Every structure is written in C-alpha cells, then in structure tokens.
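Common to both upcoming complexes is chain A, partnered first by chain B, then by chain C.
Our next item is the complex of A and B:
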C-alpha cells in the first residue's frame, strides 16, 4: 500500500521535466568527476612514485661524503597518494605534498598543488565530493521544494485532506521519493569508483570506505530532505520555499564554511611561518626559555664526555665528539620543535573546535570533514604524515651522526661514508590507516551530522503533518 | 447521515455560520442555495474538518467531525468547484492513488467498472488528466467517491462551468448516487439544477438557514420567487 504512495510520488517527479533534467545534468557531471578524479590520482601517483624513486637514487648515489654533509644534503619526502583521493582531494592541494628533510631543521610540507592552479580553482574543482556534497543537495531541493506547497497551490491538498489519508504515510512517501535521484547518481559514482579502484587498495578498506561514505551521504541527504519537506509544509508558497531553501544552501555551503574559517583564524591565529621558525631557531640557540644556551651546552658536553672516557684531550676520545655534539644538538632541537609544534597543534585544535561548533549552522561542514577523512585527505591525516616525516628525519640524522661518531675520530672532518651507509637509511613509508580507524577519529563530526538529521527529522515529523492537513478554506 | 447541530463559525467579528441545524438523510440530495458569503461553503468546510466550529457539531454517520476527523472522512467524499487532481497522472492513476489513500486496493477490473459507472470510457481514463475537461475531471472524482464507498458526498458548485449537456449528465449521476443510498449535500447557485435533482432545498443568507423546502412541492418559477424574496429581505 505504502509502496504505491511512494510510486505515485516518483511517477509525478519523473513526469516533471525538472526531474529528468536534474538527473541528466547530475550524471553528466558525476561521471566526468569520477573520471577526472581518477586521472588526477593516476597522474599524482606516477609523479610521486617517480619522484620517490629518483630521490632514493639521488640519495644512495650521492657518492662518498661526510655523514654530516649528507645530513644537510637532505632527503625529499613525498606524501603518498591514497587511492581514495579520487573521491575527495580535501586539503591536499593546499597542504603540500613534498617535505625537504635535513639536519637541525624541521621543515613543513611545501609545493602545494594549489600554487600551480589558476584563479578558477578557488571556486572548487569538479570532484566526486563536490558533486555529491554541493550539487546533489541543490538538485534535491530543486526537485522537492514543491512537494507539499505545490499540492497546496494546485488544490490537491484539499482532496488529500478530505480523503482521510494518514498524513505521516503521505509525508514518508514524499520523503522517500526524493531519494531515487540520489541513489541513481550516488550509485553510479560509487559503482564507478569501486570498479576503478578495485585492487588498488585492500578490498576490505575499499568496501568499508564506500559503506561509510554512503552512510555519511544518507545522513546528509536525509537532513536536506527533512529541510526541504519542512519548508515546503510550513511556508505558504512554492516561491517562498525555493528562496528559503536556496538561501539555506548558500549559507550552509558557501557562507558558513568561509565565516568559520575566518573566525577560527581571527580568534586563534596561526603564527606567521617565518616568525614561528625564527623563534624556534632563536630558542635553540639561546636555550629553552633563555636557559642553557648553545655555547654553554656544547662546553658542558665536551667536559662531561672527556670525564666519561677519562681523557684530557678530545683527540684521545674513542669517538668523534663532533658527531656526538651534533646529535646532542639534534636532541635539544627536537625538544624545542616538539614544544613549538605542540603549541601549534593546540592552536589548530582550537580552530578545529570553531569548525565543530560552526557545524551547528551548516550540515555540510561535518559531512565535508567526514568525506575528507574517509579519503585520507583531512588535516588529521596531514598531521600524521608530518609527524611520520619528522620521525623519519630524526632517525636518519641520528644514524648519520652515530656513524660519524663511531667511525671517525674527533677533528677528522675528512671522514667520508659511502653508499653502504646511505643504503641503511630506510625508504620512507606512510600508512594511511584503515578508513574505519580514520572515521573513528571524527566522532564529533558524525555526532553533529546525526544531530542535524535527528533534529530536522523530528521537526519535520512533528510539524509537516499538521500543515499537510491544514487546508485554506 | 449528515447532521449539523447548532453549527456556528466566526471569522473574527464576522459570523460566517449562525447556529445551523440541518440533517441530510441517506438517499437524499439536499441543495444549499444562497448568495456569495451566505455560508454554504463554510458549512461544507466544517463537515470536511477544513475549519473548526466555534460552537455546535457537524456529524457524519453519527461521528463528530471535529473529534474524529479521520473516521468521519472515511465516510465522506468531496467534489469541489474545481476538481483538482494530479494533471500529470492519468485518470486511472488518480483513481488508484486516492483509493490507496483511503486504504482501498481494488482489482483493475473493479476500477474500470467505476469509470463505466460514471460514464468515462477506459481509453480516456488512461490519458493524463491535463487533457481532461472539467466534466471529465468531475467524473474521475465521482469514480473515487464511488470506489471509496462513501456514505455521503459534499459538492461545492459542481455545475458551474459545465455545458448544458455535461450538466445534465452530472445531474443524472447525482440522482443515481442518491438512489444507491448516498447522502448528498450540494452548495450551488444553480436554481434550475437544484430544483431538478434535489429532494430538499435550503436557502441561506448571512450564515443562517432562512428557508427549507421540499423540491417536489415547488416549480422552478416558485423556487426562484422564494429565493429572490429571501434575498431581498437582506
């Protein structure tokens, strides 16, 4: 019985040219979006793989060199490309994909692809996430705005009201009738994505990511469907409903995210990059909080080392004290870096909180965060990548310093290591983690999206039937 | 079947319906005559629970409309002046949909039979409603009323805009429904059709039922004279 009510709503929508055009336009955007996303992924992947191979060759083939010179020769680390980036590029175009690592310095990722893009790219790229998170809701609103207000204007609401129909069943049929377009477009995109990415990451991860993505989208579209029906029931004319929904879409999709970003940056400003690095350099030199400056540290270590080995001159030490001093300098510098980056992380966390609270004004924000997280293109994954790079840098610099310390004598700057040592530096690897583990880190965003869905759902289920029965005499 | 007991409706200071007492029995056609604003449509709206009474009760088959609107509506069918069904659906699809809404699922043969009963051929019933005339749309609405097995039918100016032939066909259909035991309450300006098809006629003025007549006792000319007399008393 209910099925027939649902079918009637679908049949009416299908016979409206608006539905057919919406479907055609969305499919015309959806298929190229997946194809373009996949092409970008393959191109980025081949660049990163080629870059990583060339860089490894450059490092291993650098020839005989003093280990400390090699530590300054440095290694470029490339951010691996997650296949799920086909779906959502997230912050990666702005976060930088290459980090130059060397001794004494913690560098941030650079070479943002956004730098190479045109001004047009500021308006967003045609990615599956853009189609699914921005365009599909817009078309959903355009198709559904007159579902109740249109009945009122046509006069059919009088007959519906006179027919003793259960308004909740009517409402449920209308609500569900908004989903065939979503399922068609989303299904085509997900299906295409699965075919293209099959075998490029573990099947379990791919299927989990797809299922979680579908969950996020259903919650988001459910919220949009709730809003659409609520406005259509409460407002008097279809014209008002459409204007109201478009304003909601613009506010939710364009205004709130920009305002949230501005507010976050204004209330919790990220320190200027040069000033930030300058302060770290200065603190390393003058000592943390002005205590234990570098020259005093060096003098103390020299004294302690001579005492430890029971010798009076550095030349008599069984190790190269310069290697030790450099490693000690690294260790001290790492403490400074950790402290500064912890403070920076605290600022970022406060900015994240502003975004989380802004989600109360826009259901797109939590959906966007969850989408980026599933794609491994969110700030959390970028942060983990930066941390992994730093661990890699510290490890290989320590390896080089230790080699210099044990394989040469103090004052012997002519010592040179060769390929044997360079090859002992491991190849950088980064594990994105499973989609489920990444998703679990965004429980606040999921909660917000669920809250939007439930609140709009309760309001719609409570108010819309009343208005559905309300007939203008 | 239809009963108004002291039914009253105010819109602010305006009394649209003033303590109306009225009964329409099963197998009876009752026409409400009156000028615009006399309270005819307000009466129908109160029976349909589109508006709430300020005092009194509207009852359908003994059920008080304001208290049990869904149950009351199950016994009712409604034919507005402009029959607004879904223009993008066929007559057949409209019938099926509205019957589903009332919780009825009839086999296709029975649904076709309903169209036969109201005189709409099956080929026409498979066309979209946007191609229908007003008379054809009315027939679909009547098929819905029949299919629903409604005990009472409320009609609001059903013959306005119909050509004489369609109007005659409509009258025949109404008398046919009456003969099947349905109670019909019709608001109209059409004295001729009211005289032709109804059993009783009520004249309304300023929200009050000012006269009630057995149609069999009146010629059309007498009815017109009475009607004008009531109107001139205003």
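Our next item is the complex of A and C:
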C-alpha cells in the first residue's frame, strides 16, 4: 500500500509540466556549477602554488642583507586553496587571501576578490551550494505545495480517506515522494564533485566530506519537506499554501540572513581598521597599561642586559643588544597584538552567535554554515589561517633577530646574513584539518538544523493527520 | 467612464482585503527597518571618518606646535627619531570616502572597502577592505532599502496580483465579468494600472518614511528624487505587467503564482548568478598574486640598482635637485636614504604600471561585459541604479580609488621635494602638506540606462499584454 501511494505521487509529479521544467533547469544549472567551480579551483590553486614558490625563491635569493632589513623585506603568504571550495566558496571572496608578513607589524589578510567584481557578484555566485541550498528548496516547495491541499480541492482526498490507507502512511508516502528528484540533483552534483576531486585530497577526507554534506542536505531538505507537507495539510487552499511557503523561503533564505548580518554588525560593531591599528601602535609605544612607555622599556632592558653579562658598555657585550631589543620589542608587541586580536575575535564570536540564534528563524543559516565549514571556506578556517600566519611571522622574525643577536656585535648594523639564514626560515604551510574535525566545530549549527528537522517533523506527524480528515476546502 | 467603475470596484476590493492592507503596512515597516539598520551602519562609517580626520588634525596641530617651539629654541630632540622634523612623523595621512546623504538607500560597495584608509609616502596607496570585519555578514549582504525594493517589492506585487485573472476564472465570475460591455484587454489593463498606481504610492510613501528615518530631506535633490520615483515606478510596473502577461493564458491562479515565482527566482537569482559565471569564464580577472609577484621582483631589481635609479630620478625631476637645506650636513645619511627610497619607489611604479594598467583594463572589460549581461535582468540594472543614486556604486568607489592614488602622488611629491631639497620638516611646511578632500561624485549614467531599459521592456510587455489580452479564456 505504502509503495503504491509513493509511486502514485511520483507519477503525478512527473506528469506536471512545472516539475519537468524545474528539473531541467536545476540539472542545467547543477552541472556547470560544479564544472566551473572546479575550473576556478584549478586556476586559483596554480596561482597560489606558483605565487608561493616564487615568493620563496625571492626570499631565499634576496642576497646578503642585514637580518632586520630582511625582516622588513618580509614574506607574502598566500591562503592555500581547499579542493572542497569547489562545493562552496563561502566567505572566501570577502576575506583576504594574501598576507604581508614583516617585523613589528601584524597585518590582516587583504586583497578580497569581491573588490574586483561587478554588481552581479552581489546577487550570489552559481556554486553547487547555491543551487542546492537556495534553488532546490524552492523547487521542493513549488512541486509539493499542492500535495494535500490540491487533493482536497479536487475532491480526491475524500476518496483517499475512504480507502483503508493509514493517514500516517499516506503522509509518509507523500513526504518521501518529494525526495527522488532531490536525490537525483544532489546525487549528480555530489557524484560529479567526487569524480573531479578524486585524488586531490585523501579519499577518506573526500568521502567523509561527501557523507557529511549529504547528511546536512538531507536534514535541510527534510525540514523543507516537513514544512511543505504541514502547510499543505493545515492551510485551506493551495494558494494560501504556496504564499505561505514562499514567504517562509524568502524569509529564511533572504531576509533572516541579511537581518542577522545587519544586527550582528549593529549590536557588536567591529572597530574601524585604522582606529584598531592606530590603537595597537599607540599601546605598543606607550605601554599596555599606559605606564611602560617604549623608551623606558628599552632603557630597562639595556641596564638589565649589561648587569646580566657584568659589563659596563654595550660594545663589551658578547651579543648584539640591538637584536635583543628588537626581539623584546617583538615580544611586547605580540602581547599587544594578542590582546587586541583576542578582543576582535570575541566581537566576531558574538557576531556569529547572532547568526546561531537567528538560525531559530531560518534553517538555511545552519545549513549554509555547515556547508561552508565542510568546504573549508568558513570564518573559523579563515581565523585559523590568520593565526597560522601570525605564528609563522613570529617564528621567522625571532629567527632573524636571534641570528643578529648572536652573530654580530652591538652597533654593528653593517652585519649581513646570507642565503644560509634565509633558507632556515621554514616554508609556510597550512592544514585545513579533516572535514570531520571542522564539522565538529559547528555542533551548534548542526544542533539547530537537527532541531528544525525534529520540530517540523513532530508538528507534521502530529498535526497533518488531523487535518487530513478535513476532506473539503 | 468605464475606468471610473472599474477603479471604484478595485478600491472597494482593496479596502475589504485585509491581507493586502497588512502586506502594504508590512512593506512600509520593513522599509523603515531597513533604512534604520543601514542608516546606523552609515553613521558608524561616517563617524570613523570624522574621528580619523579629527585625530590627524590634532596630531598635526600638536606636531606643528612642537616645530614652532623647536624653531624658537624652546624644545630640542636628540635625533630625528620621534621628532616632528622627521618625515615619518607626517607620513600617514587619512583619506575618507565621501558618503552622500542618500547612502542610507543602499550599502552598495560600501561593505567591500574601508571608509577610512591611510596614505604613506613610502608605500603603494590602495583602498583596503574592512580587514578587521567578520566576513560572514558581508557574505549574506546588507539589509537595506535597496534590498527591500529589489527583492521584496516584486514579491509584494506578485502576492497581490498573481491571480488578477486566474482568481476570477477559478471562482467562476470571469464569464460574468466578460459579459459586461468592456473588452477583457481594457478591463485588465485598467485594473493593473490602478493597482500599479496604488502600489507605487505605497512604495513612495515607504521611501519617504525611509528618508525620514535616515534624517534625509529627499527634496534637497529633486532630480535624484524624480529619478528614484521613476525607477521605482517602472520596476514596479515591470512586475505588474509580468503578472498580467502570465495571467493572459488559460492558467489558474496557482499555476500563475508558480510561474511568477519561477520568473522571480530566474530574474533575481539564477540570471545574475549565471551572468556572473559567464563573465568570469569569458573575462577572467588576473590574479592579484601575479601583480604582487611582479611588484616584488621590480622592487628587488630596483633596490639592487639604487644608484642608477637615483641618477635617473634626478634626470626625470631636475626641479628637485635644487637648494640644499641648512640641516643637510646633520642628516646627510637620512636624506640619502629617503632619496633612494623615493627614487626606487618611483622606479617600481614605472615598472609595474603597465601590468596594473592591464589589470585595470581587464577588470574594466569584465565590468562592461557584465553590464551588458545585466540587461538580462531588470533587477541588476535597478540595483546598479540604486547604488549610483546612493553614491556607493562601483563607479563611485573606482573614482575614490583613483582620487586616493592621485592624492598619494601629491603627498609623495611633497616629501620628495623635501628629501631632494635636503631639508627637514619645518613649521611653514605644515600648511602646504596636502590634505585629502573629495566631494561625492555626481553620476547618473546607470540610472538613465536603467530608466531607458525598463521603459523599453515595459513597453514590450504592455504590447504583449495588449496582443495576448484580446481573447482571455473565460474557463
């Protein structure tokens, strides 16, 4: 009985023109979305790899130079490209992918690609995530809104009720009938993605990412299917169902995310970049509590160093005190940076909590966050990248200062290091982590999505059978 | 007099349709909320600009007082380090994007570029992004009046009109209506014109409320107001005529609703995203990484040939090899360092200029191509026009970037004159130090293009409705 009901629903859908049209449109969008995403990934990857190799070459072959000059010559670090970005670009166009690292200064990632794009880019990019998270739910709603209300209007619900069909089975069959097409579109995209990315990251990671992505999509589509069935059962006419579902889609996909974005920035504003960097610079100069100015710190370190080595003049020191002073300045600056960036990270975390709470109004938000996280294109990954760059900067600046400290004498600014030292600076690497570990950081988003699925599921299972008995509009 | 009967009937229907009245009220409230939210953000950005300028002027003023004291022999610095005579004490000058009061209408490109940036004479000037901001909010875009007009207004129109004919057909009253002494074409066109007029009034009222919330007097810019009203009226009309066109077939109300929703999704989501995809494929923008690599290479080469470059710099700028200041002997090495740095900087600029011009040309070509594709969806044209009216379009930010570059060149030249004149900063120099000043750019090319394009599309739709509406199936 159940399968007969399910097959009947599928057959009915296939006979609808809108179903066939929307399926064709979705498949026409899905395939180029994956293919173009892959093409962009390959070109971005080759650019980043070539850029990193050239930058390393320039660094190593910069010629003999004072280590501190080299520290100011600096190293450009390019954000690696995750193969899973084919799936979802996430925040990548809005987050810088290039960081210039040098002594004394912690710089932020810059050169956002969105800056070079036209107005069209603000309407969204045609990525697999865009098709699957924005368009497929709309398709589900358009195809499913009349599942019950349509039967009620046509009078066939009376016939169904008169049959021996269990209302819950009937509902389950209708619910399931929404999925073959979703599985087809999602399957085509995931399958194509798997084929294209096979060998580009460990098979276990690729399969885990695909499985987790499928889980997210099933929970999301399950929620949409629940809502569709619930509205179709509860509301009086198909018009009302359609209007209500479209209102829900528009609110959850467009309005709530934008409102959440604006609210997050309004309630927890991030400091202006000039003011932020100005404040750090000032604090480095005047001391973290305003009572330890840079010149006093320098004088204190000079005195302590002379005392430590038991000499009276800097020239008699076995080390170059300038190297030591610069490293001490780095250490102090790092404390200032840590404090400011921790505060900034706390503001970002508060902003993201606004998104988390807004997920109560939109199932798209947690689904999008999970999709970006799986693709390694979320703000958490960007934050980890920025931290990794900062660790790299601190390490190599310390290496250069230490070399200057031990290989030259105080006041000797003519000292020059060579390729031997430059080669000792390690190559920057960044590990995106496994999809599972990234996914685990978004347990709140997963919980929200699960909550949406369960609440809408329970409501549908509880309310829809009752309204199923109402056979007339 | 048929129009009077029809409009009076429509008016009665509207008064009794509580859902439509609630939707209209909701629309106005959403517009007000969007204006408030966007106005709040704009205030923060303007505040950041005002604070940066005030802090700079306070710093300059304090340093100027120090210079006066030094020249009077009342104050003394042991070295140039930290002294106001040093170029580095004056190195950073702020540039602030000039927001128009209408910027509360749209965020435009405002969330991609920092409202305040700093120009230094020894580094390349560029307008940075909001480096300290969380990229998440920018991913989802801004909740501003432009969003309400672009996305929600069409849905509002569709919700009110998707069944303009289909509803009457489904209720069975269409045969009775068509039995009246009025042609179907006249009847439904008159209905649409009335609803279009009422909706336009609601939208204009919502916009006035938005301006009031943003503390802006729209009448101060009557031409821009007329353009905005025209834009909204034509965009609204586009969706009304589309509703009518879809209704002219043999479809029921819910089939029309599905078709209109599909068209909405196509025009606002799929077409722009698809056009962007095609633009990216046909006109790929070269990577910034390549530009950085070229600049690094040029800088390294220039640094190695410092002496030759300095000589060439003197050849190119004979006016700078002028008088030697009194402080020459004291700070000879410092001046030489500045001279070399500035000469190398100019050499690197000259080497990388062709690549940058190529980059800009390719970005421009892509933007032009996408501008052409934007005609596929009226929403994109309207978005560009709204951004332009708000003074935050790509054109505005590109003009700002250019102005920052020009200012940076003037700023650098000021220090070049000092460095090659081999004198330190004096109190008399402070008044000559260039300050950034840019008035909001007045441009309306996108607005006029959108108005013309929408008028043409609407005329075509009207003609199609007139042809297809001659015979409206009663069942």
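Rule of thumb we're sticking to: the second predicted complex is superposed on the first by the 471 of 473 C-alpha atoms of A that agree within 3 Å, B and C clash if a C-alpha of one lies under 4 Å from a C-alpha of the other, contacts with A are read in each partner's own complex, and residues count from 1 in each chain.
Assume contacts are C-beta pairs under 8 Å (C-beta built on N, C-alpha and C of every residue); 3 or more make two chains touch, one makes a residue touch a chain.
Fair warning: this is a prediction, and the values are worked out from it, not measured in the lab.
A.B. asks: Considering only the touch criterion stated at the top, classify A:40 as touching first (chain B), second (chain C), both, or neither.
C.D. replies: Second partner only, chain C.
A.B. asks: Where does A:446 make contact in the superposed view: on chain B (first), on chain C (second), on both, or on neither?
C.D. replies: Neither partner.
A.B. asks: Taking the superposition as given, does A:4 touch the first partner, chain B, the second, chain C, both, or neither?
C.D. replies: The first partner, chain B, only.
A.B. asks: Once the two complexes are aligned on chain A, which partner has more residues of chain A within touching range, chain B or chain C?
C.D. replies: After superposing on chain A, more of chain A is contacted by C.
A.B. asks: Figure out whether A:255 sits in contact with chain B (first) or chain C (second), or with both, or with neither.
C.D. replies: In the superposed model, A:255 contacts chain C only, not chain B.
A.B. asks: With the touch criterion stated at the top, can you tell me which chain A residues are shared between the chain B interface and the chain C interface?
C.D. replies: In chain A, nothing is touched by chain B and also by chain C.
A.B. asks: For a test of understanding, state which residues of chain B touch chain A in their complex under the given definition.
C.D. replies: Contacts found on chain B: 41-42, 45, 48-51, 70-71, 73-74, 76-78, 80, 82-89, 93, 96-98, 100-103, 105, 141, 144, 148.
A.B. asks: So in the complex, which bits of chain A are touching chain B?
C.D. replies: 1, 4-5, 8, 11-12, 15-16, 154-156, 158-166, 170, 471, 473
A.B. asks: What residues on chain A touch chain C, complex-wise?
C.D. replies: Per the touch definition, chain A meets chain C at residues 18, 21-22, 25, 29, 32-33, 36, 39-40, 43-44, 47-48, 50-51, 54-55, 58, 62-63, 76, 78, 90-91, 94-98, 108-126, 130, 134-135, 138, 142, 145-146, 238-239, 242-243, 246, 250, 254-255, 257-266, 269-276, 278, 344, 347-348, 351-352, 355, 379, 382.
A.B. asks: Can you tell me which positions in chain C touch chain A when the two form their complex?
C.D. replies: Per the stated touch rule, the residues are 37-38, 40-41, 44-45, 48, 51-52, 55, 94, 109, 112-118, 128-143, 147, 151-152, 155, 159, 163, 253-255, 257-259, 261-262, 265, 268-270, 272-277, 279-281, 284-285, 287-290, 292-293, 296-297, 300, 304, 363, 366-367, 370-371, 373-374, 379-380, 383-384, 387, 393-394.
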